[in-house]
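The following blocks contain the structures, represented as structure tokens.
Note that subunit A is present in both complexes that follow, paired respectively with subunit B and with subunit C.
Up next is the complex of A and B:
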């Protein structure tokens, strides 16, 4: 007879002294871990609920401006520094860690229409309603010195926007035409027009640095190559585009914030169909900015809310609003992709977390592991109806909520009419136009 | 030597050629290695797998004469490199690794950890989703291999009992085993002589450390049976029908003559649950925190012990219920009835999930093994049958016993114990969780009284038997899982660990509604509702937005796109599509026939061995 009984030595399983860690032997045999899937599901459900519990995105409000904030700019080298221009011509520089204004400049008479920093971070440019372009030093004046710009350029027309080249000492302004300036000269290197309407915004492509995009009030978006004297091509949409923003990771993708409550992500190479139509806002979209990862962007709207959209989704993943925030005019995603700033009508700049439930500060390794695990679980079970419902639930102000309902009804009616028309007409005579193509009027080269 | 493209690297696949272009700067210490391992591609370690695949193709290409025009230099002797048996690579010190590459993993072990069923085809979906599913599958595969590799770290080996040539293990008595084994194991065999309190029911806690037993005359006690420390001993002055530990050893439920009572580990009565009256059998579902009670009144009641609410009270409509067991794999309750059927219940349904006709007479005992594969039943017709629970509910083996078994229980490793009168028989199969063969018992033992309760102790080679004469703890080598998981149920856990575990377990309490026959169904793609949604969407929109647009020929050069030629081109494309369709359907037909011959199941059935 040969016999062996299971006989464990407790010394192998119990810690020796109280100072030791407890011994935890593992065995990954699935029969010892029954109900793996239901338990993971419950964990995912808990993680989703906790995410909603911890969703407190609002961090700080920077007040100090005496009029609505009209434009914002990030510092290219310092995460803590932010510049803002107001409707009374005042420019303020803020320190985000202290949440304080560190410098105030009365830059223009009338609105500050645009502000941008130089790529090296030593100076910044502003344009205003007083038909001037001014270059300022980033550091304040020394003791006893007076606050005055490095350079001032007096133009003939009002400038409505400015953007700086990402690598060279060149900047572009827009107004009645798009002007490309050398920093050293007082007259533009070249100016480009296509149509006669005022251009509201101009943006340099961060990767293909010679490319620019602009949008004008005659409903078009025009693309330019700086090396050529004439614009490249333009696309005409249903309504006016307020701003465009290039994807910092994909050179040919940009997103346009439109007056018809939608945002359109375009592939520059095929402008006749947008890659994605992003709809969730219930009023004109005023500004848009990409996250540095290029996977998401944030949009500011006249409906007093800001929304975060994934690039490849047509619906927003997040909406931020507060009772006091009025029409949001400008928005920026910070360079560490963790925060969002928005400037609004009621003179405040607000700082939000980009990920509403994220815990700030340094995480311990266990916290990090738990966070990653929960993230994975949420991802795995995201399509389960119960989890989806909790994850999607957002509180909205009554005005936005009722607007959404109303627009849903309107859209439904339109769709019904279209289907009826299709049903009762000769087959082939009426075709369904997809949502993407509906808003594009023409592409001109 | 690196300036000219190396002749040994004349591999046609594009990727490798690209890699050859993007060569890393070569270090002085690498020179030797590259010479010996000619053809080892300099790609990053991440795409090793791909390189390996390419390497297999390489020997073919060596014979192609066309490639020789590249070889301006004398060609290095090139050997076809196999994955298993590569030339040992030299390290910095010059020592050779005698076992290069990762250690091999036995297929069966990896299969144990495999969670994705390969036999099921992926649903037809968009390429993006499909690729995501494929990536998930590949990850799963890798994980299962890693988990299989980690088996090496398990500390303990399972026990066994083998007779010397020709010796029948069933003839070996407990006394002999006790004499043969070490002192610590021998101490696990004991008898509690408790004649005056009548037949005993007993239950081990989930960690296997504690034992609770209750006698018909009201004697209830719990003890730490390893150290033989008595935790509480009371007399409830009422008949005790059944006893069960709840999620930890601190609480236990006792089915008394009238009502259900819950006591703590000091014997203090915490609750008297009057809604569960005349309970005959108790089962606890630890992951759902549900106490299932079967009563004389014919009701199966689920009590949520974490909040103290009755989740469901189901009328089985089959008279008195006194045969009940749980399926540890999916938490379905099996009830045995006097008409020979076994019904399967979940709290989410008012009706049984399934009814299986098992015996000609009434069912006396039911047991389900820990993997949820086999169900053993015994009936008044003196039959002992084992059923397959995976889908078909077919009997796999049957045997007539002289007395018929009144109590059945499975151990963790799949041993089946049956109590027949005052004898306990144990049958074993080949290896872990396999079908126990009913021909020859593995062990038998005669007790001093009639068997009234059986329970295998988890993680110990011990079978607890409650009988009219008290409690007997039998030694059954090879019954239990040798390696426990410290985070799941740890016999050596401290009080602090227990408290922490309790909180975690409560946080992930599985809702009662999720109990169903297949617990993995929750992670599978819900194809039915997806198709339903699609249909509704098409109805709502009035057209199919995902439908392929009909082919529209593009206008060609002037004069070449006459109506006739347009129609001809259109016709051509349509015909081509039609031909493709026919070809596909022809290809699928023989596959379908093959499928009919060999039904693919979720898991390989025990019956597969008879397929020739």
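Up next is the complex of A and C:
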């Protein structure tokens, strides 16, 4: 008698290697899976919850400075190297992977006002309250050598900021005027002034490298052209701008950190209205830095927190704070777009993840796939109220929270008043000024 | 030094300062005009000369004096006159001398010129400079615009952004100034040039290229001949087709048709002999085609053409004949029905009762009520729909009824009318009988395809959402006051919702977050009905509530049904395919095939109608019965409160406002807000975003490993939306889905 055996093709049920998942046969007929979408929704919900649970952005605190950290600089070639200048004139170079200080220099007397690295990463420049500009070698002195600057330029006035050109051996300082220096000379190539107030920060445009932006304490932002040695335009805001930062991906966009708790993103070709007003801080914004992708930027504020804003949103997507962090004076986004560093009043430099719930380290392919899938799910269901609510939730210290409440009330009152005034006045006599235009006092040609 | 000397030197210093604007090479000599202090100065000089005699102070300060206005050059002075020197004064003495004519001319020219305007002040100049520079820079910057826009709109950016690979080019191309310099190089290049060897591209010489391009002569000739033949043939066929197309003779057409049919038959017979299995298949095909035609109801004499013919039939012999033919075909088709297939049996036996010619209207309604699947039929023109809404009794009777055997002879009009009347009577009878049976199809439910049900509800929900959004959008626009209109216009003013929800509490565990979510859903109370609502429609398993007594109402109901499930009458004989519609039919058949696959054995529309009926019933306000059995009378098992009492205590609730979907047969509008659903529904504000998302991809599209499921669902959706033109406002969605589908296909 012949017996017919049931036989299956082993390709259909045997996994290729032991590391593979067991193959589970699945019938893809949609009629058999009527709850596919609801199931996906639940998955998205869980992913969102887990994201919040794993949102632990704080990585490390670098301590060692003996005074508040006043300025930070990234190394253009090495991701792990960071330079910081403190209020006691000390400059420290840190190794982020070891989280240790690798070099300490007593660079200036008084504050280190500004620090910047040369584009090649071989040396860096500092300016201080002692009216000097100093160039230092990035590598430490050899055995027996003394720690000495490569060059020292004695100036007549205090320099408050410095920035290096992105491609050439040229740097710019600011103080009473904006000076453009050749590295080889001891006197500026050209100095540009417009008005008589002290300029607090100057920044080179990373794309159109001849462009400069600066902000002065008479509430204005001035743009300069290095080639033509002339200022271009000036915009006067309501309050003082502390610093500006150019978008590294869009040549004409820059963001200004203002004293009136807001940040303003400008298109430099149309300065009369900012492209976006970013508000969420509850105290003066002291520093701003763009992510290398140009999609987001981070801002440091006097309200002891740092916030991450998408460029095209007026509200922040993330807020970082710790109990011990005081007024944050400077902030930088690392060149790999993964981390954020901030230096604050209480002498520490803190390292944060740019993406709060990101898993560090090498991911296996399956982990990566799961991450991508969850990301997609979150994006797909982001507008559903449950999910939205969870994704948006942030803990805030009481001081900031109460400040926000207070300011909300104030804002509402102002709005109400405006509406009332409009209601009770002759039509056409009162006009509503938009939020964007409200803060611009004038544009000077 | 003496005090006087010191004073003197100070004076000299101050004078020197005054003099600074003067040209440097101005001779600072003591001028003869200053006689009064001359003596003193001489004396001073003398003193100095004496003091310098001792040798240790040889260096002498330069002599400085006060600047004088009347310093003369070239000995020309305007002294005495006290006036300015004018050019004409200078020119006066020149007049006489002829040798200086050229100089004179020049001077005259100078005289006639106007003075140059004052230069702008410094600030003004700077401002202009700045403006020019700014314009230049902003122009230079706008070259980045396309890149920036591209980056902003990109769905995703991968960093580092890719650098474009520089194409490899020979050095001669890159460096235009490169030349052979060394003698060896020159020699080599000379050789190359002489032999017409390629210098830059070392692949083929021009000769080689030419030879490659050239073809064999024979080959070329053959090819040419071939081409010629093809062209001639084509033109010949074209001309022939054109000629044939122009023939208007009906006889010719008829003969042609018959010839074709005969040919087909012959072929079929031949096939039967040779290859019975193939023949069987062919037969099946024919049968299928026949079924299709049968379903298309083209020969039901209710089309436009048939109607016009019916009118004409009284007077025109040909028209009458055509009608008869049509009727015969219809009969043929319907008679064969019994044997056709199992699925149509029910229809068949109903029709068999009639035995005689079954009027098409009856047929149609029959089909409407319990046809296999209304999706299988074509969409219909709105004109016929409207006709359907009328009572079937009032339907214009388009058919001229004649038996096929009376084809040859004419009949007087009166006879026909009698026939017509008779016919109508019979038809109405039939209808009544049929109505009594009508409850049957509802209870006899076909097995439901749950997935397609879901698809339907999903789509319905979407269409609802769209509807609502349109409405709300309109309302917003209309109700907004001027204030807010102004504010709306400015996008900046728009209050952007904070991206973060900042609170002083920490949510650390999943449980906390769960709480959060719940809290959230209670917070947003203004959630509108949307996506999921459609799925939340309650479904009562009750059967169709209408009682068979109320015939009139019943009919209306059916008509409403028909509205959706109507089909256009179309007829096509299988043996003789209609040449005109062949192409179209093929397309349709394809589509039908697809639809058939998608909704095998499932009647979505009837389900929908049922659902709607139930929803309407459920939403009706219910009367409140307050009778207390046993109050004021005997109560107990089997005793009912008296009618009077019941009447007294029955509170009739007033009829609510008419349902919004009263006049929308294919829409269910549920105005109740479902709290449980609302927690998971997307808010109105975000619907726009959602829609934007939707435009990119399907809402049902899964994004996980199960993605291949999507394709099948999509195909269903696709076909559904294509045929479901009755879905209100589903146009957008269907467009989206179609595009999706096209992508999938590609």
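In the analysis below, the second predicted complex is superposed on the first by the 419 of 445 C-alpha atoms of A that agree within 3 Å, B and C clash if a C-alpha of one lies under 4 Å from a C-alpha of the other, contacts with A are read in each partner's own complex, and residues count from 1 in each chain.
As a working rule, a residue touches a chain if its C-beta (ideal position, glycine included) is under 8 Å from a C-beta of that chain, and two chains touch if they have at least 3 such contacts.
This is a predicted model, so every value here is computed, not measured.
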Exercise. Can A:166 be said to touch subunit B (first), subunit C (second), both, or neither?
Worked result: neither
For this session: Look at A:445 in the shared chain and tell me whether it touches subunit B only, subunit C only, both, or neither; answer first, second, both or neither.
Result: second
For this session: Return the chain, subunit B or subunit C, that is in touch with more residues of subunit A.
Result: C
For this session: Determine, under the contact definition given at the top, whether A:37 touches first (subunit B), second (subunit C), both, or neither.
Result: both
Exercise. Who does A:422 touch here: subunit B (first), subunit C (second), both, or neither?
Worked result: both
Exercise. When the two structures are overlaid on chain A, which partner does A:232 contact: first (subunit B), second (subunit C), both, or neither?
Worked result: second
For this session: Determine, under the contact definition given at the top, whether A:316 touches first (subunit B), second (subunit C), both, or neither.
Result: second
Exercise. What is the contact status of A:53 with respect to subunit B (first) and subunit C (second): first, second, both, or neither?
Worked result: second
Exercise. Looking at the overlay, what does A:119 touch: subunit B (first), subunit C (second), both, or neither?
Worked result: neither
For this session: Mind sorting out which residues of subunit A both subunit B and subunit C touch, each in its own complex?
Result: 26, 28-31, 33-34, 36-37, 40-41, 43, 380, 384, 419, 422-423, 432, 434
For this session: Would you pull the subunit B residues touching subunit A in the complex into a rising list?
Result: 112-113, 115, 147, 150, 154-164, 167, 169, 172, 176-177, 180-182, 184-185, 188, 287, 328-329, 331, 370-371, 412, 433, 459-461, 475, 477, 480-488, 490-492, 494, 497, 507-511, 514, 519-523, 541-543, 545
Exercise. Of all residues in subunit A, which touch subunit B in the complex?
Worked result: 1-8, 10, 12-14, 22-43, 46, 380, 384, 415, 419, 422-423, 432, 434
Exercise. Can you list the residues on subunit C that touch subunit A in the complex?
Worked result: 126-127, 129-131, 133-134, 136-138, 140-142, 144, 148, 151, 157, 159, 449-452, 454, 482-483, 486-487, 490, 492-493, 496-510, 513-514, 516-517, 519-521, 523-524, 527, 679-683, 686, 689-690, 693, 700, 702-704, 706, 708-709, 712-713, 716
Exercise. What residues on subunit A touch subunit C, complex-wise?
Worked result: 26, 28-31, 33-34, 36-37, 40-41, 43, 45, 48-50, 52-53, 207-208, 211, 223, 225, 228, 230-233, 249-252, 268-269, 273, 277, 280, 292-295, 310, 313-319, 337, 373, 376-377, 380, 383-390, 392-398, 400-401, 404, 419, 422-423, 427, 432, 434-437, 445
